[in-house]
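Labels for the chains are A, B, C and D, by order of writing; each one numbers its residues from 1.
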Amino acid sequence: MFRLSEIPIDAAALAHELADAGAGACVTFEGWVRDRNEGRAVRRLGYQAYALLAVAEGERVLAEARAKFAVVDAACVHRVGTLEVGELAVWVGVSAAHRGAAFDACRWIIDEVKRRVPIWKNEHYADGESGWLHPDNK
Amino acid sequence: MFRLSEIPIDAAALAHELADAGAGACVTFEGWVRDRNEGRAVRRLGYQAYALLAVAEGERVLAEARAKFAVVDAACVHRVGTLEVGELAVWVGVSAAHRGAAFDACRWIIDEVKRRVPIWKNEHYADGESGWLHPDNK
Amino acid sequence: MNYRVLYFASLRDRAGIDAEQVESRAGDARGLYAELRLRHGFSMTEERLRVAINGAFAPWEQPLHDGDEVVFIPPVSGG
Amino acid sequence: MNYRVLYFASLRDRAGIDAEQVESRAGDARGLYAELRLRHGFSMTEERLRVAINGAFAPWEQPLHDGDEVVFIPPVSGG
């Protein structure tokens, strides 16, 4: 299940949904809004998504993870809209019989989501400037 | 912070304590009681700990992780007593500026806790038998 | 032909609009983007963009049909 | 000398007790475990155990003192 959310993410409820009597391991990743990026003080973030394609591509990432790793279930929720420092921006959870697959799949999913899913981050800096991040800019 | 707990672990509250304005990533591991192990149906588990040394050794594992990986904070709580299938037996959480260190440290901590900390698991099987696991038995 | 174009992130800021109907003779996304670069002054080159047509990633040279929804996807930065 | 010995997991099941006071002439954990193996019929060999003295891991040959708490740690299985 891949979802975009305009409201705070309930991580505990999401982890609960991954439960299964055959699952001995659950690994979660939470991406939190940091107070700085590349040396600049960050006040808040704005996330924009092309929702139709973001959900389709996000579901594709999860399906690929299920095929690639021995997992029981996998899910991801990404916030859109304005987020303050400390807020949960993205949550990934994976349950599996054994921990190795859960760690590997969770890490792979967040890497792929960041690489492929059409969601963009606008950083609002303490000095009043802001800017969209388009990572291969560099 | 390494703790033993005789009551259910509140994972959400624990993750909350790892929060920091400089932390952009939080990785957690949850070990859940599975309904089977090595082909045998499991009904419940009993965990026993040598509490004095388990806490000291658990704290040592966390301190080593803090020295070894670029993490902001790390914590682990392990249940003792009787647990039913599906219950949370062990929780590890790591916050870090970046996700690589959070994944690496979380995985290292659970591996070391399983290898070094004096806690033992008694499996109660569906057929009425039970047995302590002493892994290098094999 | 008539296309619906959506803009996101820095393209949206530059165009100053979220979406528009575009009357164009371009038969594929490559031609359409060339037109829109001129119109809106986008600095981003084609090499840095992906294309989505009707909600699915598509090659730049895929023929466009009247009424298609076309989106130029700048490098993503979710997570 | 008088030692306090705690038992865990399969050693506890085999001994049938959680802890005991042991009067012994053994001057280290190696000698003490040899005595207790005989007394309780432990099948686990020394090679599979670690030793803790007064709450800290210690070498088998560390001299014991009167009143020490000694624990033989079977292979662990937390997590």
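Heads up, the rule we're going with is that contacts are C-beta pairs under 8 Å (C-beta built on N, C-alpha and C of every residue); 3 or more make two chains touch, one makes a residue touch a chain.
The structure displayed is predicted, hence computed values, not measured ones.
Undergrad: Once the contact rule is applied, which chains count as partners of both chain B and chain D?
TA: Common neighbours, chain B/chain D: none found.
Undergrad: Name the chain whose C-alpha centroid is farthest from the C-alpha centroid of chain A.
TA: Using the mean of the C-alpha atoms as each chain's centre, the farthest one from chain A is D.
Undergrad: Taking the mean of the CA coordinates per chain, how far is chain A from chain C in Å?
TA: 26
Undergrad: Based only on mean CA positions, could you tell me how far chain B sits from chain C in angstrom?
TA: One centre to the other, that is 49 Å.
Undergrad: Quick one: chain C and chain D, Cα centre-to-centre, how many Å?
TA: Each chain reduced to its C-alpha mean, chain C and chain D end up 74 Å apart.
Undergrad: Where in chain D do residues touch two or more other chains at once?
TA: If we look for residues of chain D contacting two or more partner chains, we find none.
Undergrad: Where in chain A do residues touch at least two different other chains?
TA: Residues 31, 110.
Undergrad: So which chains end up touching which?
TA: A-B, A-C, B-D
Undergrad: Touching chain D in the complex: which residues of chain B?
TA: Touching chain D from chain B are residues 31, 47-50, 52-54, 56-57, 78, 89-90, 110, 113-122, 132-137.
Undergrad: Using the touch definition from the top, list the residues of chain D that touch chain B in their complex.
TA: Within the complex, chain D contacts chain B at residues 6, 8-10, 12-13, 44, 48, 52, 55-57, 71, 73-79.
Undergrad: For the complex, which residues does chain A have touching chain B?
TA: 11-12, 15, 19, 21-36, 85-86, 95, 97, 99, 102-103, 106-107, 110
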